[in-house]
Every structure is written in C-alpha cells, then in structure tokens.
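Chain nomenclature is as follows: A, B, C and D, assigned in order of appearance, with residue numbering initiated at 1 for each chain independently.
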C-alpha cells in the first residue's frame, strides 16, 4: 500500500456526477492527481488536471501511476478497472455505487492473478489526514493522529472521525472497504496494514449487518492483532433483512444458519474475541483513550 | 428480486433444464382449458416458503375438483401473501430427490455450487449432507462434476446432474442472479432427472442491464401499487408500525446508528429513510436536495409519525443549502395547511442534526421556521425522544 | 461458412448494431409489397465480392423500376454465382465511411480488432490506415476504445464506434465466428453510425454447437444439392476439372504430398479425398473402413478419372483389413457392371500404396482382384502416372 | 518438457472411440500410463489402467502426473484441459480433432498464465522412439536415432519417419504440433527444444499451407538454430484455399496479403533463411545425410 503524498493518482470518470468536485477537493487536500480519464474528452483540462481518452494514453504522458480512483457509472466500473489493470496500475479504488456483484467476482479473479489491490466498490476510499485523500471522505472531520479507522460505511465513518477529532484523538488512516456483497480489500487486510503501520496506536472497526466479515475480523484480531481494537456495530435494532440499501446480506439458502449476518452475531463474535465494544459512537473516544493509556 | 416458481421454470425451460409440462392459471376458470392430462398438481405462486404445509399445493384428478381446489388456493394467504396466479403441473414420480443450488458467497467472493442427495423438505434436516464447490476461476463443467461426486453420485447420474448444474450456472451468470435453486430435483427409477421446484433471485443492481428482467421488475412494482417514488427517493423501510418517530439520514450505516440510538433511548422509530446517494439504484438519480425534500414529504404523510429526526453528515451540499431545503419545505407546508381529506393529523415535530465545519448560517436559516439545529448526535437523539413523548401525550 | 449480407444484418439487428430498414426479396414480385419508402437500394445476395462493380447493386425510385432491376439482378451471375435472394434496403447518406472487423489471428492466437477511417472500396487502397488491436486477455470495452483512438476518432465517435465494436465482438464470441466485418460503417453528418454492409464467417467446427447455425448450414447444403455425403466421407476437393487421376489418402498432409508428387510427375489429379478420421467434422463419424469404401465409390463415379491412387499410412485398421475393403469393393463392382444410365465409362484403374509393418497378407488379398500393392510412395506415384497415360490413350 | 520413460501419464477420455486402443499401445510401448479418466466409469479398470471420474481423484490416488493426453469429444476438450490445469498438470496433449478455435483462445490465455504446455489440438502427440509414446503416432515406423522431426501433419509425419528409418536414419523425437488455426506449442518452441536436445543432430521440419508459422520458423532458424534443418513443405500444387480439412488458413480480411499461407510463401521464407528444402519425402534422408556429414 503506497499512501504517501507523492503517490501519483489517476481519476477515471472525471466528468461523472460529483467526481469533478471530488477531484478538486483531492487536489486541494494535497493529493497528487496527475490526470483524469474520460473517453471523448481527451485533450481538455479540469483545473490543471489534464484529461485523456484512455488510461494508457495518460500513462504515456505522466508516467506510471500508483492509484486510480474510479467514478464511472456502475455498469462501466468493471471495464474501467480492467483498463487500469491492463495499464499496470496496482491500486484501484472504486467509488461507483451499484456495481453488479458478478462484475466484482470477475474483477477479483483478475485482480488476484495480477496482485492488484481493489478497494470498494461503493466506498469513499482512503484518507491519511493532512497527507492524502484518495476518494470522497469528508476530510474536514479528520485530523492527523494515532487512531486507524476501518469501516464498511461512509457517512458513519465521518461521524466517528468527527467524534474522535472532537475528543482530541487524531486519526492515522481512515478507510471504508464498502458494504457491497462482493468487495475487494477486506477487514483482515486492513487490520494487518493498520497493525503494521507505525503511526497507528489503536484501531476502530465499524461494522454493520450483512455478510460475515466482522465475524472473520473478530477471530483474526484475537489471533493476530497486537494493537488495541475497539469495535462498533451498527444496526442492532434494525429489523432482520432491513438494511436501507446495503446489500451485504447473503442470499437465503439451505445450509446457512438463520443468524448469519445479524448485528447480534457480529457482537457475539467480538465479545468472544475479547474485543472492546462501543455501544454508541460517542463511546468510542472514551474506549480509545482507555486502550491507549493501557498500552 | 425473487421470481415466482412459474417464472423460474420458464427460464429453466429456455436453458434446457428439464421441467414438467405446466400451465399458468390466472383464474379458476382457466382450468377448463387445461392442456395437461390429469392427475395434475395445483401450486400457489407465492414468494414465501412452506406453501405445501400451508395447503397451497393440491393434487386434483378432474376439472371439477381442480376448479374447487383453485378457488381455495386463490383465497388462501401464505404468510400473509395471496397468490396472483397458480401453476398447474403434471405429476411426477420421483424415486429420489436431490437439492441443487448456485449462490453467490460473500465470504469467498465467488459463486458456490451446492448440492445434497437429500432434497425436498428433508434438506434442512440433514445439513451434514449438503456439499459445496467454490467456483474459484471461470466456470467449466468439471466444477459441476466435482459437486456430483461429493454428493456421492455414480454412473450416468454424474453426467446428467452435472449438465443441470452447468445450465444453472449459465443462467446464474447470464441473468446476474444471487441464487438459483432446484429443490427438489426429482430422479426417476430410470435415473432421469426433473426440476420439480425452483427458486431464482435476481440481483437488484443488475436488473437495469437486462431489458427482460427490467420489464418483470416494473410489473412487480406496479402490482405492489407503491404510492411513493421510492426508487427516486433512496431506500426506506418501515421499522415498526406502532412507532412514532421518522428518521432521515444520508448513508445506511448512519441511519442504522441513529435508529439504534433512538431505540436505546426508549422510543420507537416508525420509518427510516436513507437519502444518501451511494445506494440509489435509480439510473437517473435526483439531486441530493430533491431527495431530501421528497423524503421529508414522505415522512410528513405518515399519520403515526410525531417527530422527524434529520441526521445529515458531510454531504456534498453545504449545511446552509440543506437548511434552506428544510426551511422551504416547512414554509411550503405552512402556506398550504393540509386539506382534511389528505391529512387528518398535525405535522410532526422536526429535529435537525447537521455535521459540517460551518453551521452558524444554517442555524440562523432554520431559526426562521423555529426548527432547532443540533450539532451533537446524542443530544439530537435525546431531543427527538423528548419531543416524541410530548407530542404523543398531546393527542 | 460465409453468411449472406441479409443474414449478417439480421444478426447485427439482434445485437443492437444499427442497420437500415430492409426487406428480403425472394422474387421480383415481392417488391409490390415493399414496406420501405423509395428510393431503395437492391443488392444481389451472393457470397463473392465485387458485386457493385459487376452490376449487382441498383438504386431504384419506384416499383416498376424496382421490379425490372430485380429481374436483371436475379439473372446476373457474379463470379459464377446467381443470387437466391436480393436485399431491398433504404438509402443512407454517409458523410464518411469506416472499416471495422473482428478476426481470429492465428499468429498471435487471439482475436484481433481491425479498423480504418477509410472504409468502403477505399480500404484496400490505403492499407497503411488499417489499425489493429490484439485482444490479449478476455475482452473488455477498453480494447474497442483503443482501436477507435488508433483510428484517430475523437469526441462522441469514440463511444459510438466502440459500442459497435463491442457488439461485433460479442457476436464473434457468441456465434463462434472466424470473421465479422462491417464495411462500410457509414457516419452521417451528425456523427450517427450505420452498418451499411456486413460480412460474417462462422467457424465450421463450431456449427454443431449452435442449433440456429446448424439449421442455416443444413439449408445451405440442401440448396447446393450435393450428391455425395461428403460430411460423412471426409474432406474432398476438386483440384482440376481436366485432370484424370483420383487420390484417396488418410490425412490432409499426406494427400497434399501425394498430389504434389503426381503433379510433379507430369499428371493432372482431378479430385483428392482425405478419409483420415482426424478431420471428420461429422459428430457420428463412420468407421475408417466405411469411409474408405464410400470414398472409392465416390471417385469411381467420376467420369474423367482414369486412375485412382490409394495411399494409406499407419491407420488403425491393419493393411490386411484395408486390402479386404478394397477387394470387396472391386468384387461388388465386377458382379454388377454399371448400367448404361448411371455410368457410360469403364472403371478407372487402381494403384494401392500401403505402409505397414506386415504387408504380405494384404498383397495376397489384393492379388485376387488384380490390384497391385506398392510399398514405396515414389514408385506408387510412378505407376499411377504411367497407368493414367495408358488409360487415357486407350479412349 | 519431461519426456523420460518414468514420466507419469494420464489419459482423459479413455473410452472415446479409439482411445482405449491407443492407451494399450502406449502402455505396450513403455509409457507409464498411470490412470484414465471417464466420468461415470470411476472404479473400473482398462487392462491394468485404473479409471477415475475426475482428474483430481486420480491424482489423489496415483500422485502428481507429468502429462495428460486428451481424447474426449472436441466440444469437451476445453473443459478436460481446464480440469487438468486446475489439478496442476503442466503438460497437456490434445489428440481430439474438431475443437472450435475460440475454445483454444480461451485455453491458451489460461495456459499462458499458468505456464502449461499445450500440444495440439488435432495432434498425434509426441514420440521418443524406443522410450515413450505420448499420443497416437504409428510407432512402428520410428527407430531411435539422431533426427528430430517437427510437423503439422500426422500420417505424413509417419511417412517421413518411415523414409528415414528405411534409409537407416533413426529419430530422436517426433512431434506434430497440429494444423488447426489456433494451436498450443509452436514450431519455434519445438525448434528450440530440439536445438537444446543432446541426442538430436539434425532437424526435419514438415510444413503445409495455412497460417504463417512456417515463415516465422524460417526466420527463427536463421537467427537462433545451430543444428542443420531440412524443411519439406507439402501442398505446393494444391489450389489456393483447398486444404482437405486442415483449417490453418486465416480468414480472408482486408490488410492481409493475398499470398499469406501458401506453400510458395513458406518455401520462399525457407529459401531466404538458407534452409535446405526437400522437394519430396524421399529426398529428405539424402539431405539429412548430407547435413550430418557436414556437421
């Protein structure tokens, strides 16, 4: 994972919906956005960001790129990611929401074979406060510090960053892996990255109903993570199957327990792994402070 | 989107998966024109399970019995759902019944083939017999053969059942499914196979790229006679009919967190609404501010909602822009008080919680319509709960 | 198998590639029921190129002219081929014409996208403008965009032409094609695109796995009214109508080597027949010995063939088995001399060359019908050529 | 390339047409055929060859396998090869004739990614005289010796082996790469293998009309091959486009020269590369003898 301010960043789908706004915000935050891609708009510029028709054209001009951020419409996101992989880009963040999961299955087979990191889809990406913004995080809520946040949500992640910032606790990295059924990078990968990251002293994990990635994370924390972890799971009171559009749920099928994917199952897993659990967002800063004092 | 059995079987037939001769019955009198010889099975076409136990499946031997049985089934709700249509199907003598499914597995991030030599109603009772094969790389028929061998099949059944699985997988990919299930797959004494019941779930995200499925989804939506343009609005869910609080937020996680806080504080939310843009599956989404206004309108229409809590964090419009939308909304409603016909109850109270760097202008704006702006989430929840109690006591 | 233009365009329409309104004309009188407004283009549906220059394409303004033009075209052979049908199509004003193709490239072992901004008849004259993109991994639309940029397209044409290429590629894969070509792709003054002419070649190997194409192939075969069950027989080709030698061998390379040797020795082979099993595309192939017998029958039916050279190397049946087939064949013909109706010429001479470890028994067997068995290939060729000269001199 | 008599060999499609005959022949020749695959026939035996339903079942029983030989019907050959690759087999010989070329394109993308050698399809495979028979070569025409044969034909290859044997020239390896439009191993690969093979002292290359692989081979010989090469191209007198079922021809398409794929074009390429050309099969032994005397 290369997350330094010098990293070269590409934006695919520069003219889609709000992406030009976000491109400008990223630049303003210090992110080295070297080019944008929009077929049919090659030769134009947005602010001082040059626009190209194809990824390979951009790379011929600006040299190798570390990360690309994909904003294209959801049915075009697979193609955009494959274009980036074919051009040799090794870190891909997919902001686009609404990608069909079988497109992700296809992409992940290829990403695994080419050792490409995919973050998302339907993710606000990554922020290293005061250093680099790779995505759509509301950067104003973050301050530099020692707490790593890994989450499946977007606005809830900003909420918790704000709570930490308000309590005087800065953040080392904030990442949302997305909450779709099929996503690229996992809680496990990010727990490992945050565990190895020298700046990070404590980790906040934010989960929600659907899938079983929190359960896997809980087991992994118990086995492999040395730094203190505080877990917060939302959706405890949500009726079963109601998730306001998040589709992390598994299809109902024989052989899968009825309890799979509920907040209760996730909370039980963290409890069993002896991970500190916050009942509400405002409890997180207290628990982080307690954990940091102990450490 | 779940398909009905008869729709699933139409797809099976197109793919070459063997299904019995069958006919769709829209009304009992359709049975007079039945082209399948008796005896025939009549099956209630509902999306819920357990219809057999509930009396939604009946064997009939002649037209008179069939019409009577059809009338009964049409009037029999199964877990609250009345059938729109029935399926009349030939009878089949299965010697054995298998279970087969292709499903997307989020944990391994791959489609998984599932199979059990104990299908039908027994499949749930013998989970240890359920076998699975992860489709690691692109599908090839050997994955299907691998499953049949794990299921313990031998001889010609290896190939015939593998062929069915291969076709199920093709359907899965062609139609962007979350699930395709055959339960049971009947096996005759001659080892011939037949899909006796089927379940298909289409992934909601992919519907728009399949014109045929989009038509089915539209019909289903029209049938549900939905009053609100929810697809344009964002995602909403009724939480608890007896609740009296409406929650509107941007982002599913944030909405759920707010729901948890309100419930923990002892109140009952009635409806939660996510107007965040991330999850809007509509291909021509409204701007955020339009969704916000529509969402407020939607919650205001609900008779039992006494308080609406708006919780918006770090959206692209500024806090001031959001405050303006809310202010305009309130003013519009104050100008035109509800006609007695459409609304017999007073408007709910409104608590607005915004998180942004600069809130003063927004606060001033909201003051003009007497709406408090709260910065702290816990405090916003506390005020909401308090106001709900006051308003509930009023009436 | 090459498709006719109207068949290619039907597929284009199914894929969503824009084509003009058109109508198939089976006889001139069909033009009375024409549903396309005049002016209209009538096009001869033949598989050979250059029909425009040959007079096979005519613009007509009204029904009377159209019927007259159709009568002319129906009676106009193009490179020897009469059209079975015509295509009546609306006129289109193209400002520019592009060339697009997807073709399988044996050298890179991948499909290749081809495109030129100079389509129509000009494409051959400016080969330096022809661009290509190898589809290295599985296709994704960016390969198509890559081609459009190499072609020098800009603005909205990048997307609209890429969309066409993507659909051509889908067709290529779905139908197992060797080639799909649009030439020209018309571009209007508003940058709208239209496939004005199309060429599609289906891979012969894959026909049997596409039921729709198999039906087309069968119709085509019936139309050609082929006398011999060549698909069951193996591959045969007429080499030189004026030749007088028939060659029958097992394996394409061996047949070609034999053909070279006979031709180099100054004789003219008329027909070559490969009865090797490797290349038999029929799904229920005859056993080798049956193909051998059928092949001999086929060559014996040919009036101009004076000598048949059989050259069989290392096949699964032994030399003795092959000799028995030949002996039986000769005896059958000697028993029933040809009726004057079906055959007015004497049977050709026969030279048999077999290569196997043990040839004595086969040699003895063939002696019973006075057929020489030659071991050495050069010698077999020499004897064949000598016998052909003798037989030719006889009559 | 592992071609020793100890190599473990699998046969997929053991009960197809003539494949059981060939399996018995291979065993008799000394090839170590350890198992056969035929779904539905698992548990049976053919001679002393055990039959399994799946490749992975066979490997669990007999251990890793060096080469698999595929005899299944042509539309099933892709699946059989992918099954072998998934089971980790690195050398695949496809005997089956009639495979659609797009199946081969698909297979080769995967074979390249997994570094799997594919010989064929529509090939009689490989023979190392008196050592190992991997395929359907008429082994009776071969004798051990110093001449490597690489070819696109089957029976014509046996013809030339016979001519060499009759002339007292044994063979080191005989391989047919197949003559389909899309094939696995190429002339180039085999020229390189034969050039490095210690036993081989001269190479006979047998080509035919269609494709441009002979032209590429001619250039490669001029550049990289040290051992003497004798080329024989059949089909000089065949009318254009007539190839008796061999489909190595490229589809007619704009931008391809009219001469591509003809025997004349191939002969010109070998002439330019100064490779000895045999006019007829019987000339090959003379040219080989001449070349070996020189060497």
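Everything that follows uses one rule, which is that a contact is a pair of C-beta atoms (placed from the backbone, for glycine too) under 8 Å apart; a residue touches a chain by one contact, two chains touch by 3 or more.
Please read all numbers here as calculations on a predicted model, not as lab measurements.
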item	value
Contact distance in steps, from chain A to chain D	2
Both-way neighbours, i.e. chains that touch chain D and touch chain B	none
Computed distance of Cα centres, chain B from chain A, in Å	26
Mean-CA-position distance for chain C and chain A (Å)	56
Centre distance in Å when chain B and chain C are each reduced to the mean of their C-alpha atoms	53
Multi-chain contact sites of chain B, meaning residues that touch two or more partners	137
Residues of chain A touching at least two other chains	none
Chain-level touch network, classified as line, ring, star, complete or other	ring
Each pair of chains that touches, named by its two labels	A-B, A-C, B-D, C-D
Complex contacts: residues of chain D adjacent to chain C	18, 21, 73-75, 97-102, 104-105, 108-109, 122, 138, 140-141, 151-159, 162, 179, 181-183, 206, 208-213, 216, 234-239, 242-248, 250-255, 279-282
Of all residues in chain C, those that touch chain A in their complex	136-137, 140-142, 145-146, 149, 154-156, 158-159, 162
In the complex with chain D, residue positions of chain C that touch it	99, 101, 103-107, 109-111, 114, 116, 123-124, 127, 130, 132, 137-138, 173, 176, 178-179, 181, 183, 201, 203-206, 208-209, 234-237, 239-240, 249-257, 259-261, 263-264, 272-274, 276-281, 283, 312-316, 355-357, 377-378
Chain C contact footprint on chain A (complex, rising order)	39-40, 42, 53-57, 76, 78-80, 82-83, 86, 110
